[in-house]
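What follows is a set of structures for review.
What follows is chain A paired twice: with chain B in the first complex and chain C in the second.
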Partner chain A sequence: MLRLFWNRLVWAIPVLLVIVVLNFVLVRLAPGDPITSIIGEYPTPEGYAEQLRAQMGLDRPIHEQLLIYLGHVFQGDLGYSFANRQPVLSLILGKALNTLALMVPGLIFASLLGILIGRVSLSTSARFLDSTLTGLSLFGYSVPIFWLGQVLIILFAVELQWLPAQGMFALQTDLPPFLDYLAHWAMPGFAVTIFYAAIVARVARASLKEAVTGDYIVTALAKGTSQRRLFWRHVLPNGLVPIVSVIGYNFGLALTGAILVESVFAWPGLGALFMASIIARDYPTLQGIFLLAGAAVVVSNFVTDVVYEIIDPRMRNGSRGA
Partner chain B sequence: MSAADSMLRIRDLSVVYEIDGRELFAVKNAFIDLKMGEGVGIVGESGSGKSTFARAMMALLPATNARVASGVMEIDGVSYDMVDKSGMARLRGRTFAMVFQDPLSYLNPLMTIRSQIVEAIRLNDPSANVDHRVRELLDLVRLPQRCLTAYPHELSGGMRQRVLIAIALGCRPKVLIADEPTTALDVTTQAEILALIKDIKREIGMSLVLISHDLGVVSSLCERVFVMYGGYTIETGAREKILSTPAHPYTQALIHTARAVRGEDGRFVTLSGDVPRLVEAGKGCPFAPRCGVAMPQCDTVLPSLAHVNDNGRHSARCHMHS
Partner chain C sequence: MAAVARNRAISRLAGSPTTWFSAAFILALILMATVGPYLFGDVDPNTISMSIMAPPSAEFPFGTDELGRDVLQYIVHGAQVSLYVGFSAAFAATILGGLIGAVSGYVGGRIDTLIMRVTEIFQSMPTFVLAALIVALLGPGNNRVILVIALLSWPQTARLMRGEVLRVKRLDFVTAARCLGQSETVILIKEVVPNCLAPVIALGTLTVAQAILLEASLSFFGLTNPDTISWGRILTSGQRYIFQAWWLSLFPGMAIFLTVFSFNVLGDSLRQALDPKS
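For the complex of A and B:
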C-alpha cells in the first residue's frame, strides 16, 4: 500500500508538470490580451500599456515567462491576479471551497441515490418502479442542466417565491448561516444531484444486475442469508468497483463540473471565476484553476485506486499465496 | 421402505421451465428417501433433471423461468409443500446446505475464508462460539488454520472445495446436498475430496444427498442410488443391487459404459443417442428412443414404478418389470 502510494506520488509530478506547461501555452495561444482587458476603453498616456506589460513580465519571451512561472509554482506561489487584485492561490482556494460546498453534498446524495436506484432494479417485485426510475435517470442524464436550472428558478423563485434565485448567502437575512446556505443550495444542489445520480444509477444498475447473477450469490443464499444481508454483504461489494470508478471520476471533476450550474445560479464558485478569468484574459488565475483541477483529478484517481484495493483483494499487489 | 425409518421423503416432485411461452417439465414425479446418516446418490446424465431436483430442494431454481409444479417433502415428520418457495427457502442452512461444482465461482471473491465460514455459522446459530466452531470445521475438512485469512483466489481448487464443504457444514444442516462436488477438480484432488466427504459422513453421521453423473463417485459415498432419466426417477435400490443387477435398460447401459465393458466386436459399449431435450418429451418412456429392448408400448405408455425384488427395496420404471 505504501509503495503504491509513493509510485502514485512520483507519477503525479510529471502529470501535473505537463498540465501546467500545456495550459501555460494554451491560454497564451488564445486570442486576446490581458493588458487590453485591464486598460479597457479608457484613454491612457503614451507608453502606459508597454510599461504595464513590462511590469507584469509579459514582454519577455514565452519560454522565459514559463520558467519564471514554474519556479514560482514550485515555491507554492501561483502568481497574482491582476483582474482580481489578489494572490491567485488564496483567490482560487476560496472559490474552490464554495464550489465544493455546492458539489460535495450533491455528489454524495447522487451516489447514494444512484446506488438506491440500482438496488430497486434488482427487485423482481418492483418492475414498475424500476422502469419509472430508469426513465427518470435517462431524463436526468439528458436534460440540459442550464435549462433545468432556469425552470427551477421560474418555478420556485419567481412563481412560488420559496427559494432564493441566486448566490450562496443572502446579504441580509434573519436565517442562521447554515439554513441560509441550505436555502441557496436547494436548487443548484438539486440540479447537480439529479444529473450525477443519473450517471451513477446507469452504472449501478448494470453492475449490480451482473453481481447478483454470480455463483457466490447462490452459496450465500444456500447458507440461509436474508435478502437484506445478501445485498449489503454480497451483491453490493461485488458490484461496487464500476460504481466507485464513476463516483471517483465525478469527484475528480467536481471543481470544474459545475460551471453551468454556477453560471445559472450565480454561485460564487470556481466555475464563475473561471468564466470571468477567461473574459479578462487573467492568465495566472486560469493557470491556477487548471493546476488545481488537474491536481484534483490526480488525487481522486489515487483515492479511487486505494478504494479498489480495499474492496477487492485481487487488486492488491503481492497477494500472499496460501 | 417404510415411512418410519426415513428422515427425509420427497414425493411427486415436478419442476417446470417456461421456455418461449411453453411449459416444459425438467423433473417429473421424481422422489427420494433418505435415512438418518445415510448417503443417497441421484445419478443421471446432464439434462436428466438431477441438478434441478437439488435446486428445488434448496428453493434455488432460477426465479425468472422455473417453478416447482408439485412436490411434497417430509422431513423429521414435518411435511412441506415444495410449491411454496418462501417456505422452502426458510429451510436453507439449518435443514439443507449445499456444496457446489465449481468452488472458485461459488466463493465470494471479496471475503476472507474465515468470514465466509463465520457467516454460515452465525446465520444458523447466532449464539455459537464462533472461534471454536471455525477451528473445528477447519480440522474437519483438513485445512490449515492459516487459510482463514486468505481469499479464495489465493487457494488451490481442492482447498476451495474444502472451504465450500466447511461453509456447508458450518450451517449444521440435517442434510448435506452435494451437486457434482468433484467434477471441476483434477483426478487426484477428486479422490481426496471424495475420501474427505466419506470421512466426514462417518465422523459426524452426516446425511448426504449426492448429485453426480458418475456412478463410481456415487457408489463410493452412497448406500442407495436413485437413477434419473428425462426428469423421471427410473430406478432405485441399494448400491449393490443397482451395480450387480440393474433392472432398467438405461441403468444397465450406464454401468456398461462406466466400466468400459467391451462388446462382442471388441469395442467399448457406448450409449448411442442423446438425452431427450425438454421439448421432445413424449407420452411414453423417456428412454424408449435409445433403448435396445424397447417394445411397441414403450413409445406410447409411460411405465409405472414397479418392484423388482430385494423385498420391494429395488424398483424400476420399465415395462419389462411391470
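For the complex of A and C:
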C-alpha cells in the first residue's frame, strides 16, 4: 500500500512539472515582451516593469529563469493579477469553491444515474428502455454542453420563466439562501449531470454486461441467490473498476466542463474567471488556472488508484493477480 | 454463445437506421460544404440585409443575426470550417499517434516505456484549458487550431496502435517475413502496420467528432479567427442575445450536435464491425 502511494506520488511530479514548464514556455512564446504579457494592459506604478523584470530575473539566462519560476511556483507564489487586483493563488482558490458547488453535486448525481442506467440496461425485459437509455447516453456524448445550457435557458428562463438564467445567488430574493442556490443550480447542474451521466452510463453498461457473463454468476444463481443480492454482491463489485476509473477521470477533468457551463450561466467560478482572463489577457491568472486544472487531474488519478485498492482486493498486492 | 450475441449486435448495428442516418448526414454535409456553392450559387454569407434579428420566416428559414445576416447561409458556410478543422486535426492526430504507437510497440523495451510515459503525461493534460491557453497566447488561425487539437488528441491513437502492434508482431507471418530477410523497418511498415489499421481508422472517426466539438468550443469563446465563419461563433451571438433571439442558438448548435453525433455513431459502428476480436 505504502509503496503504491509512493509510486503514484513520484508519478505526479513529472505531470505537474510539464505543466509548469509549459506555463513558462507559452508565455515566452507569446508575441511581445513577457513583462507586457504578464502585466497586461493595466496601469502599473512607475518603474514597476523594471522591478518585475529584475524580480523575475528576466535579465538572466533562460535556464536560470525557469529555475526561478519553478521556485516561485513551489512557494505558492503564482504571481499577481492586475485585472482582479489580488494575488492569483487566493483569487483562484476563492473561485474554486463556487466551481465545486456547481460540479460536485452534478458529478455525484451523474455517477449514480450512470450506474443506474447500466443496471437497467442489464435486464433484457426492458429492451425498449435499454435502447432509449443508450440513445440518451449517445446524446450526452455528442451535445456541446454550452449549447445544451443555452437551450435550457431559452426553455426554462426565457419562455417558461421558471428558473433564474444566470448567476449563483439572486441580488434580492425572499428565498432562503439554500433554496436560492438550488434554483440557480438547477439548469447548469442539470446540464452537467446529463453530460457526465452519459459518459458514466456508457462505461457502466459495457462493464456490467461483461460482469454478468462470469461463471461466478452461474454459481451464485445455482445457489439460489436473490436478484438484488446478485447485483449488489456479485455483478457490481466485478464491474466496478472501469466505472470508478471513468468517474475519477471525469472528476479530474471537471474544470473543463465547468469552463463551458459556467460561462453560459454566468456562474461565478473558475470557468467564468478563465474566460474573463482570456479576454483581459490576464496571463498570470490563466497560468494559475491551468496549473490548478493539472493538479486536479493528478489528485483525482491518485484518489482513483486508492479507490481501486479498496474495491478490488486483487490490486492490493501490487498488480500481480490483476 | 457470447459470440453469437455479438454477431447479432453487429448486424443489428450495421443495419440500424441510426447508422444509416449518420452516414447520410455526413455525406450530405460534405456535399454541402464542397459542391454546394457551385450548385446553389455562391452567396456571400456576410451579406447584410435590412431585417435585423428577424425570427425564422420564408425568406430566412433560420432567421437573421444582429447585423441582418442570414443564419442559414452562416451555417452552410460554417460547415466548411468545421469539417476542414475536424478532418485535418483528426488526420494529423491519427498519423502522429499511429507513428508513435507503432514505433513504441514494435521496438519495445526502454524506448516503449519512455514513450508510453510521455503519452500518459499528454493524456493527463486538461485538454480544453491547454488548447484555449495556447490559442489565446499564440493567436488564432485555422491551421494553428488544427495543430493544437492534433497535438492534444494523438495519445489515444498511439495507445491503440501500440496495443495492436504488440498483438500483430507476434503472429507467424511476421516471423516468416523476418526469415525472408526483410529489414525490420520494412516489416513494420509493410507487414505489421496494415494489419493494425482497422481499429485505428474507427478511432479516427471518433477523433473527427472530438475535433469538431473542440473547434466549436474554442470558437464559442471567441478564440478562433474572427474573420472565419464557424458554428461556434454564431453561438457567441446566440449567448449575447439569448433573451431576444432563440434562433441564433438553436440552429447552429443543432448543426454541431448532429454532426458530432453522426461521427460518433459512425465511429462506433465501424469499431464494432472492424473489431478483430469478434
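The definition used in the following text is that the second predicted complex is superposed on the first by the 276 of 322 C-alpha atoms of A that agree within 3 Å, B and C clash if a C-alpha of one lies under 4 Å from a C-alpha of the other, contacts with A are read in each partner's own complex, and residues count from 1 in each chain.
Just so we're on the same page, a residue touches a chain if its C-beta (ideal position, glycine included) is under 8 Å from a C-beta of that chain, and two chains touch if they have at least 3 such contacts.
Treat the numbers as computed from the prediction; the structure is a model and nothing was measured.
Engineer: For the combined arrangement obtained by superposing on chain A, do chain B and chain C clash, or do they fit?
Structural biologist: fit
Engineer: Name the contact category of A:109: first (chain B only), second (chain C only), both, or neither.
Structural biologist: neither
Engineer: Between chain B (first) and chain C (second), which does A:253 come into contact with in this model arrangement: first, second, both, or neither?
Structural biologist: A:253 contacts chain C only, not chain B.
Engineer: With chain A's C-alpha centre as vertex, what's the angle to chain B and chain C, nearest 10 degrees?
Structural biologist: An angle of 80 degrees, rounded.
Engineer: For A:264, is the partner it touches chain B (first), chain C (second), both, or none of the two (neither)?
Structural biologist: Once the two structures are laid over each other on A, A:264 reaches chain C alone.
Engineer: For the overlaid complexes, name the partner, chain B or chain C, with more touching residues on chain A.
Structural biologist: C
Engineer: Of the two partner chains, chain B (first) and chain C (second), which one does A:222 touch, if any: first, second, both, or neither?
Structural biologist: First partner only.
Engineer: Scan A:290 for contacts with chain B and chain C and give back first, second, both or neither.
Structural biologist: second
Engineer: Between chain B and chain C, what is the shortest CA distance in the superposition, whole Å?
Structural biologist: Comparing every C-alpha of chain B with every C-alpha of chain C, the smallest gap is 9 Å.
Engineer: Which residues, counting only chain B, touch chain A once they are in their complex?
Structural biologist: Per the stated touch rule, the residues are 58, 60, 63-64, 89, 92-94, 96-98, 100, 102, 105-111, 119-120, 123-124, 146-147, 150-151, 153-155, 159, 164, 167-168, 170-171.
Engineer: Which of the residues in chain C end up touching chain A in this complex?
Structural biologist: These residues of chain C touch chain A: 2, 18, 117, 121, 124-130, 132-134, 136-139, 209, 213, 216-217, 220-223, 232, 235, 238-239, 242-243, 246, 249-250, 253, 256-257, 260-261, 264-265.
Engineer: Which residues of chain A touch chain B in the complex?
Structural biologist: Answer in residue numbers: 124, 214-216, 218-225, 229, 233-234, 237-238, 311-314, 319-322.
Engineer: Along chain A, where are the residues that touch chain C in the complex?
Structural biologist: Chain A residues touching chain C: 14-15, 18-19, 22, 26-27, 29-31, 37, 135, 138-139, 141-144, 146-147, 150-151, 153-154, 158, 165, 213, 252-253, 255-256, 259-260, 263-264, 274-275, 278-279, 281, 283, 286-287, 289-290, 293-294, 296-298, 301.
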